[in-house]
Amino acid sequence: MLVIMNRGASEAQISAVVEKIRAAGLTEHLSKGVERTIIGAIGEERKLEPEAFELLPGVEQALHIVKQYKIVAREWHPQDSVVDIRGIPLGGNSVQIIAGPCSVETQEQMDLAAAGVAAAGCRLMRGGAFKPRTSPYAFQGLGSKGLEYFRHAADKHNLPIVTELMDVRMLETFLEWDVDVIQIGTRNMQNFDLLKEVGRVNKPVILKRGMSATISEWLMAAEYIAAGGNHNIIFCERGVRSFETAYRNMLDVTAIPVLKRETHLPVIVDPSHAGGKAWLVPALSRAAVAAGADGLLVEMHPNPCEAWCDADQALTPQELQELVAVLRQIAGTLGRSLC
Amino acid sequence: MLVIMNRGASEAQISAVVEKIRAAGLTEHLSKGVERTIIGAIGEERKLEPEAFELLPGVEQALHIVKQYKIVAREWHPQDSVVDIRGIPLGGNSVQIIAGPCSVETQEQMDLAAAGVAAAGCRLMRGGAFKPRTSPYAFQGLGSKGLEYFRHAADKHNLPIVTELMDVRMLETFLEWDVDVIQIGTRNMQNFDLLKEVGRVNKPVILKRGMSATISEWLMAAEYIAAGGNHNIIFCERGVRSFETAYRNMLDVTAIPVLKRETHLPVIVDPSHAGGKAWLVPALSRAAVAAGADGLLVEMHPNPCEAWCDADQALTPQELQELVAVLRQIAGTLGRSLC
Amino acid sequence: MLVIMNRGASEAQISAVVEKIRAAGLTEHLSKGVERTIIGAIGEERKLEPEAFELLPGVEQALHIVKQYKIVAREWHPQDSVVDIRGIPLGGNSVQIIAGPCSVETQEQMDLAAAGVAAAGCRLMRGGAFKPRTSPYAFQGLGSKGLEYFRHAADKHNLPIVTELMDVRMLETFLEWDVDVIQIGTRNMQNFDLLKEVGRVNKPVILKRGMSATISEWLMAAEYIAAGGNHNIIFCERGVRSFETAYRNMLDVTAIPVLKRETHLPVIVDPSHAGGKAWLVPALSRAAVAAGADGLLVEMHPNPCEAWCDADQALTPQELQELVAVLRQIAGTLGRSLC
Amino acid sequence: MLVIMNRGASEAQISAVVEKIRAAGLTEHLSKGVERTIIGAIGEERKLEPEAFELLPGVEQALHIVKQYKIVAREWHPQDSVVDIRGIPLGGNSVQIIAGPCSVETQEQMDLAAAGVAAAGCRLMRGGAFKPRTSPYAFQGLGSKGLEYFRHAADKHNLPIVTELMDVRMLETFLEWDVDVIQIGTRNMQNFDLLKEVGRVNKPVILKRGMSATISEWLMAAEYIAAGGNHNIIFCERGVRSFETAYRNMLDVTAIPVLKRETHLPVIVDPSHAGGKAWLVPALSRAAVAAGADGLLVEMHPNPCEAWCDADQALTPQELQELVAVLRQIAGTLGRSLC
């Protein structure tokens, strides 16, 4: 950690900082500049909190030099990690498209959806049984019954299923239905109790980025899961909150290369929740794959006009098929294979 | 709801919209402008979703006219609501300062803190037993033991206690320790299962604003609690995420008068988490009370230099006392009383 | 325009709105819903200002239905516009890469840069003679001397030149050196006097997006130029301000398809100023072209380590060449040709 | 400046950084931590650019330790500066309310406005003759004729006038009409040529914050003016762009105490453009003064309903009078005097 003193900080103030560093079992290193003195703390600085120094008199700023995340950091694990989902690799050389409806509605809808996913050449399926809705008066998802429909529909095509867990108390049910990938939604990225619980199970986790989470906070949220023992984590960028009102969220395409540099774990993108409109999905999907994403989480509904939620952002099965064809070419350009 | 058609939308496209409105049991109202046709849906529009219309061909935009929140809306309840906390009124004419440390550390620390809160003339006490920390390696709070220390310390001064609930599974414990006000933190503002649970108990709830939640989403989150039957809700503005890096969060002082117009429920402000520095707390506290806030949630520690978390944002007991004196004068200027 | 009345607005309040609409020469259209009355203003609504209605008693909100921009709107000009730059088409089927250094430094540097641009197969060159710098103490550009170096270097390879105009008083000088494309920088997107001046000349203009300009404000800024008679406008997305600190600006890739739908004019992207780091440029460039951009504005320096400004965001000539090769393939995938 | 090396940076990489520091005439200071080496550059670091180091191999990050602004910094000028406006002090112990209409419309309107300003006890008057409007089709201000009306109206009450300069070419005209305070608007905060010009004249300048300018950029913009010799600078916070759509801009009340700590120059607030609605102005004005602002810039119109622009944000003369009375009390609470 570095402690930057104010211009004109007194010797006594400098000594107080030094003492505090020593009290924590670290060693100080002083550097006197023309205008300011800087004090480095040498040792395991992760246990020091900058705030504890910033309140000392004469201190301008204190900052960590080492990063707070470790298990998920590429710095400590240089090779790409590949998450294995019932034999399907996510990460590495392949690009995976996870498709399916926003919410599970009926057995018939899920059967049609699963057929559409498989027909488009996608190998993983998504669908929501528990839905986080802004309004308490909106459809909240079918719950366990939804998991049942989903499991049955997906099994016919041998598609692993991806679905969102919102409540720690439902984890048992998820394991009973053998959900293949547990999704942690945007609103729960810093629901730390939920992160700790999924950190204890042996299931891949898709961790969506919080509405306005920094990349660093997102990595720390993943570290919560990893610290519990579960290292099968997939980051999912889904657009962040911005001042722009012409579309729903601002897809942070820069987060893809930045994350790929910071972490060894795979990074996918949800173009549907980012743009919020089906007509935006092809352009955003192409951008994501071109920028190096390891996969996509795309909404597709057998009949978007009759979808129970987010109707305007789902692709039709036909549109999904066309999109996958283009994405395969772009992936190829980058030396990667899709599906 | 209003459906705005594209310039050049065909009659068939207009008819499709009309049909969909009728199918939902509402009545349409057409208005043909020079460039565009607008279709109003007359009836209980809260059950319509704009998205279901925006995917129809020829539709430019669909928007709700009525607000989605109802129980918390001033439109439906014009008088100010006052939340009663063991006889202490929050809202209405009085302004309440809730003070105490960021986290519960020891019985002694809490005893000193409680004495400081009472000495400053504050009537409610805050303190965290369960702490949402960005890093899994940081101190996570004392848990139930913390509630015990807190309860004992506060009872000596007859101070109702305010503390954060993060996990639905701990609600029983909160009720056992008879927590007087349950705080829902920023990261859980849209943890809908948690909101539903606190909506079922008979305890006042402080609902902090999400890191980048719009005022409308915040009102909807409160509506989740209210829809469960618990109308004792207090909004707490605590700064939002912004591009500015000179301080921690941007206190949205405008949210105070806007909320006071939109809802009949009380609105308080947390100046400590907003600014993130003790030296900013007095200015932000004065601004909040001057803007019409019904109270504050302020961090005070008997010995900030030794605080286990957020050390640099806690006031000393002495500083709290001085702040309260100034705030009392400002409240008086607005015809309100503090305490 | 639509005027939405409060629940419980009186007949007199409704009449006042109607009167104001009629006074402006438009016709009203009333629609009484279950909870609210909505009043439409039929006629040339562009001359009405919503604010003038929002201050009337009983009015909840007033909003424009038609868009404020017209010359630049695709609604009024459905086919893509192609901007001709000395015979080189920007827009339509081709994708153009405009490359060159951040700032003009010496004749030799520009000669090497021009050779690198041409060698990479790019057909347009960029370079800054007047630099907008955050600090008054930083290098401010060579000024007119820079235009001279630039012109000479580019002419050897027959490359049209693109350079930024900051001050209306320099327009004459730009015309004297026959600058081929005038760039309006981020900080001047709403420098309306500058926009009016470039609207009067017969030179293509690249209009960069303001640091936090909405797409609608950006279209209106272009309308300022277009209203003066100059319709040769190229939009340039360059990243917007956000809460994220892991990189410089957040590239708004969604703005590309949204703009392509709203305007008939070409849209290019500056991946260098967006990310702020050379290592981010390839990923962002690929994303931009994949999302449908009509071109890029890329920083390349013959020797980045010695660049006088923004050293860390310039590609080497070799890196540019490799990037162009990949972009050509991605453009091909979308049925477009690069260069 | 500090250069933080990557974990595992080689000796050769460290040497290259050291060499570059020495080449710039500074001295290095090495500090080897457990995980990383940090290199300090001792000397006049303002001339080094971090970017020039960040592109060197093995460098993680480079950062300035000293601040880039100097003339405007409190660090170099600890006492408060008071700007003298024809004998009226802005800054120090007094709080000044500058009031008047958004735009100059007619001589009669300005006469009424000036009378209202004086009657409310305000000592300075504002009004716009040149208006920055988002749309080219909106009223652009009366121009020089407006300055004439303004000057005449204000002189009757001996009120110094404050008005916005948008175009360097109009500076002469401003000096001819002897404008007392030149306002630089939000959209021109980084119009560096304009800043340089007003830096050369001997007139107080109000520098509004850019739509999403950081406090540091804002201080640097002021430094541009100060570097030209004009130190009579007043900062004006007017709300920043945010994700919130319930009101126009987010008033950054925290910027007030932060600026007061960073600079010795006065800080005022424009509550009218911040909130965008007249009913928000009193709450925001009270908050600003309570937070320590040295003054306000408030819109007042003799007849808001007939204002030519921003009609819904102007106070009536009566409302201004009431507001001033409350603000006088709040200022008194803080030991300051209003007017």
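For reference, chains read A, B, C and D in written order, and residue numbers begin at 1 within each chain.
Here, a residue touches a chain if its C-beta (ideal position, glycine included) is under 8 Å from a C-beta of that chain, and two chains touch if they have at least 3 such contacts.
Note that this is a predicted model, so its numbers are computed, not measured.
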Touching both subunit B and subunit C (chains): A, D
Chain pair, C-D or A-D, that carries the greater number of C-beta contacts: C-D
Cα-centroid distance, subunit C relative to subunit D, in whole angstrom: 26
Distance between the centres, which are taken as Cα means, of subunit C and subunit A, whole angstrom: 31
Where subunit A and subunit D are represented by their mean Cα positions, the distance between them in whole Å: 39
Contacts with two or more other chains, residues of subunit D listed in rising order: 212, 241-243, 245
Residue numbers on subunit D that touch subunit A, as the complex places them: 2, 4, 7, 29, 31-36, 38, 40, 42-45, 65-66, 75, 212, 241-243, 245
Of all residues in subunit B, those that touch subunit D in their complex: 212, 214-216, 239-240, 242-247, 250-258, 261, 274-275, 279-280, 283-284, 286-292, 326, 329-330, 333-334
Residues of subunit D defined as touching subunit C within the complex: 46-47, 49, 51-52, 54-56, 68, 132-138, 140, 166-169, 187-188, 190-193, 196, 210-213, 217, 220, 223-224, 227, 241, 277-278, 304-305, 307, 309-313
